[in-house]
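Two complexes follow with chain A in common, the first pairing it with chain B and the second with chain C.
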Partner chain A sequence: MNLINFLQAIGIVLFAFIFQTSLTGINRKITARIQRRRGPVWYQQFLDIFKALTKTSITHGWIYDFGVIMALGGIAATLMMVPIAGFESFPGMDNIFIITYLLAVGMLGMAMSASGSGNPWAAIGVSRALTSMLAYDIPFMLVMIGLIFKFDTASLSNFAALQQTGSIVTWNIIKYPIGGFVALISLQGMLGKKPFDNFIAPAEIASGPMVEYGGKHLGMLFILHELSTFIEVGLIVNIFFGGGPTVIAFLVKYVIVYTLTNMVSQVLARFKVDQMVMFYYKVPLALAFIQGFIIVITNSGGVLWF
Partner chain B sequence: MVLNDKDMRSAWEKVENYFQGSSIWMKWYCTGCGAIELPPTLTSRFDMERLGMGPMATPRQADILLITGYLSFKTLRRVIYSYEQMQEPKYIVAFGSCTVNGGIYYDSYSVMNRLDFYLPVDLYIAGCMPRPEAILNGFKELKSMIKAGKAEGYKKYKENYEWYRKNQIHSLKEVYVKDEFHE
Partner chain C sequence: MDLSLMAILLLIGSFITYFVSRSNKKVGSYLTILITLFALMYVYILKNNIGLTYELFGVITFKVTYLGWYFSIIMATVYFSAAFFNPFWMEKFLYPSQYNLMYLLSFLGTIGLFFSNDLLTIFIFWEITVWTSTFIIPLGKSRKAGVMYFVISSIGSMGLLFTLMLMYNKVGTLEISKVFNMLANEPKLASIVFVMFILSGLTKMGIFPFHIWLPQAHGNAPNTFSPVLSGGLVKMGGFITFLSVGVFPAYEAFKDGLHIAGIPILIYIMMLLGAVSIIVGTLMAIKSEDAKKLLAYSSVANGGYILIGILLADQLGLAGGMMHMLNHAFASAASFLAIAVVAYKTNTTKISELGGMIHKMPVTYTVFLISIISLAGIPPMGGFVSKWLIIQALADKGLLLIAFAAFFGSIGSFLYVFRPLSAVFLGQVAERNENLTPPSNMMRVPMIFLAGLVLYFGVLPRGVLEIIGKIQASVGITPVELNGQAIMAVNGNLDALKVFVIFGFGFVLALLLFLAFKKPRKVDLMDTYTSAEFIYTKELYHYAHDFYAPFERLYGNHPSVEKWADQISYKVKEVGDLVNKVFFNFNPSLSILWITVLIVIIYLGGVII
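The block that comes next holds the complex of A and B.
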């Protein structure tokens, strides 16, 4: 590990920010077309973020400031581990457990900072965000444990490489459709898209954890959101859609997965927090167990279907 | 206020003003009846998002405080609180004739007549009610004002704070919102 690795890592973070922010802007236009509007220009998300960064900002104590920086740093560090089309800035560090744990650092930093603001809406939003994390992570991790058991590896680039041996049939979403379905539902929750966006809920709890943020802090949170979106969608693309033999293939798959998630989000209404937890613990958790059962049976030489 | 029209801003301020004028987040203070004109402005028919505008949930996040119509003295106190919570640069858009001269409430004992005695208004959208076209036109005007660096209400408020505070105290007796939650 030398200086080149760190420069590459910073390059990946910059690339991810520019790519995902443009994609968010394009998806705002797609949302607008779904709602029969024209929508903003495609670079509106950049304008919003840079505008927020030019405003003044106040502090509610050092925990409030430090939490934002910790969250942004944690998410940026996580992003450096995600392999893009076989390219890794730190080879051998793309273990799925490293990524899920480091993601939690970012989320907890934000929770700490929001609680530090002392606003009751922020406390409600944080408790909802952590509850939903508990809800979507358990089915997702169950599916992942099944796949790790099957392939005998936990490295994302190995997952991607194993799926590139043949045609589209070797993709995990085709070979393990039940697990892929569970992962896509979990992705909806990870990204905070409807129907699982009750921790943001601007009309109910005044945008939850973000309630006290303004100016530069809010701009940093927007950047954090774009980076964490890149990590989560990149995770799904690497594990279930075969990563990408080339960068273009990876990005095309990425765009399709993210746009589909956004389109699903635009036609659904918001769940209440108890409905969301009950849903995740009923349908995706049951499907994840079924998927694990199938993997165990077939792996030990049993035949499930003729 | 500069006497000549020469642009006194630095290059960085021009860049800042470009971003501030291109992306506008609003906090709607919708206690007046003007609120009814905002849903059509927001949704498919007139679509304000194509101009880069959108509603935000709290005053901290917003750039613009949009005051739709009359303010009773009880709500004026809350508006002053909300305005002072906002992050600079911040702008006030006053909406409807009630904020200009009282409108149909001109002789009411409990409704204020002129908003700019109490808070610095950057732009008025007159009418009773202003139609969505008028609102969009007004915001286009405001965007060009911000980009040209001429929307300076928040600076005026800081410079003439004593004058504004005197007017607020004169009408409200005390500018203090009783905070039931934290007591």
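The block that comes next holds the complex of A and C.
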């Protein structure tokens, strides 16, 4: 690790922020069209973030500030490890488990800060967010176990590279459609899109964890949201859609996956949190097990018992 | 440096402590700190004596091995750190001098166990620890907890005793390596010995269905002893488990039997028990209303990880399991100590009665935060490195069911570690806790020490893994591969130091962004958005009770081992009552009847034979 790596890492974070924020703006427009509105301009999201950052804000104690910094820091650090079209700012750090667990540092920071505000709405929101995490993460991780067993690697760039040997047929979403389907449903939960948005639930629990934030704290959390979206969609694109031989290919796939997720979100209603857990543990988990067993059994020559 | 000398010194020291405590309990409790510190240093120096054997009283034989040294260092560190809390609890105990004696004797028992060279020594020291800790637990909140602990421990003791007698009959010697090597060619005998021997490990580690003693004992033991129970004594189970797959040639003995995904069926079943422990421990921890019980259930879950890791007995899994033992010992001791501080100041460990402790004791909060991040296996703490190793091993072998439990426990731990963090330390401060004084520095020292270790092993795991590598090499397993600070696994590498540096870099960036904009205005905790309600009672404004209510409802009607055990104890009591009524009646004529019947039987028996 030298200075170049760190500069590249800052570059990656800035790029991801600008790209995803623009994409969010465009998707706000798409959402509006689905709902037959005109919608805001595409750069509205930038305006919102910068306006929030420059306003005065309140604090409820040191943990309230520290949590926000830890959250944004953790998410930014995670983002620096995600390979984009084969490019890594810190080579060799793109292990899937490191990324998913480091992502949790950011989440924990945000949860801590929200609870530190002393507002019960925030605590309820965090409790729902963590419960949702228990629902959507496990089917996804099980699918990943199957794939790691198959390809003998847990590195995202290796996953992407293995799929770039041939045409679209080598993509994991085509080769392992059940697993790919599970991952897409999990992505819907990871991004907090409907029907799995119960932890934000604006009209119900006053935006949950976000309830107390304003000013620069809120601005930083907006940035955090854009960065974590980039990480999660980036994971799916790298693992199931062949990453990208070129940056353009990567970004095109990224735009398609994200926009599809958003469009699905606009036509569905919200699950209650226990309904969400039951759903994930019935359908995606069963499918994940089926996919996993297919991979393990075929790989060991059709023999599991001997 | 003589190990037998140390054992004798510890024994003498504990009795001196007892008599000193009789006259002055404060001085006695300080002696426990000094003696454990002495033992910690003594054990550390023993590293130079690897391979030497010692004898005591002609029956007890010790051998200094890397395995024993590793376990003893963990144990001595935990005992030493928890001893700092003893002076504060001397006023609260009914029998303080007895506590000090038992504290040191149980420590002696663990150290002796880890250096045992034969099965008899294992049994003797095992029993010393069980008996002494049985007398400490009732000094806390509940006598029943002590009984439960003893009953479940006895199941393990019986397993151990059975192995000992069986092997002495068969082989004629009790030396561990000789006894176990002989079993490699006798799969049938090996499977009996394997099950009986590992049984003692399972009971001690609190593996399902023996997990019921942990929440009872950890939750009700004195606040100073809970860290030792969870961080220390449970690890004796890990030691036994290691012996039963590392030294005991389990994989070799069962190589012709049924295998599942390359694992012999008997070992696979044990792993499944570990997986069930992870799930049960996690679910029960999520719904615990008491902070100490919550941590106890988390010990059940983490015991599952340790069991699975060690039973894999390969390059990665074993290293992960062994390292998880160390990480869990320190993290769980630190978190129990943090809760002990809270309990010392507020006299309660019920989550819903606390809140906002961060404003009264920020250091304790930071320690608790670091240790529970490690318990949950989140970087950059030690727990992450070891869980990563275990999950890599599971992915490599394609053990889907076990991997499911591992992930469930991992994500589920975010839920249960966040609960005390949020409801005990964050949120509103209750009126009655407004005037708490900060804890004394003597309490802070061991907590900061343990939290520092947790962080250190998360950033620089090489030192520990090198020792584990030596342990692996000593039992013929390929040592875990290291390259600088990086761990080289089959499916990818983990450089914990780099992860830490990158995380720190991200943190600095976020900090700069935070500082670049206007300074925020400080407002009171009650000055929040309330949906236009007016609330002036702080307790009402603290979300702590039924934290995960929607999720808990999903498994509210779960079957429970506790109820089943209660039913069994009820039946046993009924049978006992019947026996009492029929044979030991107050009515003398009934006794005369039985005596007559007995004489007749004996007489007839004599005639017939």
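Assorted remarks:
Here, the second predicted complex is superposed on the first by the 302 of 306 C-alpha atoms of A that agree within 3 Å, B and C clash if a C-alpha of one lies under 4 Å from a C-alpha of the other, contacts with A are read in each partner's own complex, and residues count from 1 in each chain.
The working rule: a residue touches a chain if its C-beta (ideal position, glycine included) is under 8 Å from a C-beta of that chain, and two chains touch if they have at least 3 such contacts.
These figures come from a predicted structure and were not determined experimentally.
Once the two complexes are laid over each other on the shared chain, residue contacts for A:Met278 go to chain C alone; chain B is not touched. In the superposition on chain A, A:Met70 contacts chain C only, with no contact to chain B. By the touch criterion defined above, A:Thr56 reaches both chain B and chain C. By the document's definition of touching, both partners, chain B and chain C, reach A:Val211. Of the two partner chains placed by the overlay, only chain B lies in contact with A:Gln35; chain C stays clear of it.
The partner of chain A that touches more of its residues, comparing chain B with chain C, is C.
Once the two complexes are overlaid on the shared chain, A:Pro120 sits against chain B and chain C alike. Look at A:Pro202: by the touch rule set out above, it reaches chain B but stays clear of chain C. The contact surfaces that chain B and chain C form on chain A in the two complexes overlap at residues 54-58, 120, 206, 211-212, 215. Across the interface of their complex, chain C is touched by residues 1, 6, 9-10, 13, 53-63, 65, 68-78, 80-81, 90, 92-93, 95, 97-98, 101-102, 104-105, 107-108, 111-112, 115-121, 123-124, 126-128, 130-131, 133-134, 137-138, 141-142, 144-146, 148-149, 152-155, 206, 211-212, 215-217, 219-220, 223, 272-274, 277-278, 289, 292-293, 295-296, 299-300, 304-306 of chain A.
Against chain A, in their complex, chain C makes its touches with residues 258-261, 356, 358-359, 362, 365, 369, 373, 376-380, 384, 388, 391-392, 394-398, 400, 403-404, 407-408, 411-412, 414-415, 418, 421-423, 426-428, 490-495, 498-499, 501-503, 505-511, 513-514, 517-518, 520-523, 525-529, 531, 541-543, 547-548, 550-551, 553-554.
Interface of chain A with chain B (complex): residues 28, 32, 35-41, 44, 47-48, 50-51, 54-58, 120, 202-203, 206-207, 210-215, 218. By the touch rule above, chain B contacts chain A in their complex via residues 15-16, 19-20, 22-23, 25, 43-44, 47, 49-52, 55-58, 60-63, 86-89, 181.
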